[in-house]
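The following blocks contain the structures, represented as structure tokens.
Both of the next two complexes hold chain A, though its partner changes from chain B to chain C.
Presenting the complex of A and B:
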């Protein structure tokens, strides 16, 4: 994650909004061993307090799991850029 | 009608407004238990739904940066994880408002304890959304934000500021508060007069008031003649401000064509959102104290590096002068600053403290050296008194950079300059000729030269930066710098005061660093002056 201030309010709003667009259960973590948290809950996403340069991990379970993981990773990789997120999600 | 009361606080946003005054609603009234958990749960759901609806309407109305903040509040309110602890408390027969407050208290405490400034700042958003829901729960939510009036109270929630229709005029008068708060920055950007730190006052019976955001004055129940006088002043000020704004986007040049650099003083990352780099020549003073909070863990190297780098990237290649930690005395940090000094302004502060706490100093210098490649960084030492302090700090800096190179970490060695604020330096600047630059700290210099405290109103008349002794020292430092190729600037309050700018230019200064809100005014004042070079 290269966003300037890490997983802060604005990026977290975008991430949870994007996650809510999928039926799958989606979880993110700041370390491979977890803890894994619900990517649709902004309270929990913010509580991660993930800083810039954190390697984010995403996993999902459900019918659209694959596209959900792709879209979330793209959002994180592209600095929470609106246009890119929309292109992938749309 | 009560007799007039005049209160003095601190200026937070310039401008004058006279009109009706209203108290900012404090705590919502307590809710009466409905008799069942189901009833409480339904009430909480309804209050949250009302709050979301209100915020949505508001968000559509304002747009921009404010809308982002509201989107965050809405997302939080929509999150089941925020409500879950309140629901479970309600199941054990707790009244909905108490359950909600307790649930939010845990979240708010979590944000407040964060070592990251960004996260700490979100605590205000959570308090704001908590109170909005509480008002709906107790049925005390009323129409607000009609504008055209003075909002008086302890603090203004950001959403109340945003939902107020300031096009009808209005002002803010706070008993506490800070001139660097988010709302104060919004007020300056929006041109809403604001005074903070007025101390407790009673509003009962006072219906009308005047706020002078420049003088830091609140007058309750003013006489009619007083109101008329202030209205004339307000009109004059409005014309003056409009004229000054024309200078904001131009370079600062005197009437006889002498260029003056105008930089900004900043004290926190959130300020950057409110300053256009095109309107200034860089950052003349970045205070780093905001990274160090009393009671919180000291910021590590990575956190400091990220902050410094952000300022450098923001400046787009323009100079950024970062001052090493300037705490001590009146700004204590437990475990770092000494206890029980009887005369803290003359105690272990600034570079004195850093040389006594090399571990803390080293961490900051490493972070600065790592940030150096990202822009035009300059590093400045506060409170230097004797040359050996500059030498020792310089050696420490070189050691830090060498260690980074050995570790294979990218870094640079920025120019190292000093604040000129102790008379011992201003009197014999030639002893400090190895400094890369001088930045005159006129606030402390004035305090030390006139032996009068900066924050005692009883000696305010003595604490005058225009005192000939202070001006003579400034002239001496400016001349020494000019003759020896050492850049000199001034970063105290007097640089932002049009009454002093003429004598600063006459003293030979061509570089001033001022508060962001003062940029337009300073440039306008410079354009009006002749230095006759």
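Presenting the complex of A and C:
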């Protein structure tokens, strides 16, 4: 994650909104061993307080799991860019 | 008519109410019905039942409305405003026990995703001290 301030308020809302657009269960973690948290829970995502340069981990289970993981990783990689987020979230 | 739960922000200060509403608009977007009010009818700090009822009307959704308040009078006046609503609307408005700014953003994010009124309230209240 290269966003200047990390997973703070505004990026957290964007990530959660994007995750809510998918039917799959989606979880994120700031370390491979977890803890894994529900990407659709704004409170939990914000409480993660992941900082810049954290390697974010995303996993999903469900019919649209692949596209969900791809979209979330793209959002994180692109610094939670407005246009990109809107394009993916529709 | 929106398919999303509406959010109402009730502060003693018009500036706080407007500022919290700005944060919801900028962070979550315009898709969630939003109403806000602050200040007494004389223009000072305080809350007014009339203004709260108007804010509820602005944010009205058949899915329900979640109200975020700051201090004492904001809550009691919001309760009075709910009691003065038409009977068929009273059961669709709840007051969240949550910090006003953070709660509004959290509740609006949950509402944006199409959550029920109860889930919106639960999300806002997840923030409160346990």
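As a working rule, the second predicted complex is superposed on the first by the 85 of 90 C-alpha atoms of A that agree within 3 Å, B and C clash if a C-alpha of one lies under 4 Å from a C-alpha of the other, contacts with A are read in each partner's own complex, and residues count from 1 in each chain.
Here is the rule we go by: a residue touches a chain if its C-beta (ideal position, glycine included) is under 8 Å from a C-beta of that chain, and two chains touch if they have at least 3 such contacts.
Note that the structure is a prediction, hence the values are computed from the model and not measured.
K.L.:
Here chain A is shared; do chain B and chain C fit on it together or clash?
P.N.:
With chain A as the common anchor, chain B and chain C collide in the superposed model.
K.L.:
Regarding the shared-chain residue A:10, is it in contact with chain B (first), chain C (second), both, or neither?
P.N.:
both
K.L.:
If you stack the two complexes on chain A, which partner ends up touching A:78: first (chain B), second (chain C), both, or neither?
P.N.:
Once the two structures are laid over each other on A, A:78 reaches no partner at all.
K.L.:
On chain A, which partner touches more residues: chain B or chain C?
P.N.:
B
K.L.:
Give one of first, second, both or neither to describe whether A:52 is in contact with chain B, with chain C, with both, or with none.
P.N.:
first
K.L.:
Considering only touches as defined above, state whether A:38 meets chain B (first), chain C (second), both or neither.
P.N.:
Touch status of A:38: first partner only.
K.L.:
Report which listed segment of chain B has C-alpha atoms clashing with chain C; options: 2-10, 110-118 or 128-136.
P.N.:
Residues of chain B that clash with chain C lie in 128-136.
K.L.:
Taking the stated contact definition, name every residue in chain A that is touched by chain B in one complex and by chain C in the other, in rising order.
P.N.:
Residues common to the chain A contacts of chain C and of chain B are 9-10, 13, 16-17, 41-43, 46, listed in rising order.
K.L.:
Note which residues of chain B are touching chain A in the complex, please.
P.N.:
68-69, 71-72, 75-76, 79-82, 107, 110, 114, 116, 118-119, 122, 125, 302-303, 306, 310
K.L.:
Which residues, counting only chain A, touch chain C once they are in their complex?
P.N.:
Chain A residues touching chain C: 9-10, 13, 16-17, 20, 40-43, 46.
K.L.:
For a test of understanding, state which residues of chain C touch chain A in their complex under the given definition.
P.N.:
For chain C paired with chain A, touching residues are 26-28, 105-106, 109-110, 112-114, 123, 126-127.
K.L.:
Touching residues of chain A toward chain B in the complex: what are they?
P.N.:
Going by the criterion above, the answer is residues 4-6, 8-10, 12-13, 16-17, 38, 41-44, 46-47, 49, 51-52.
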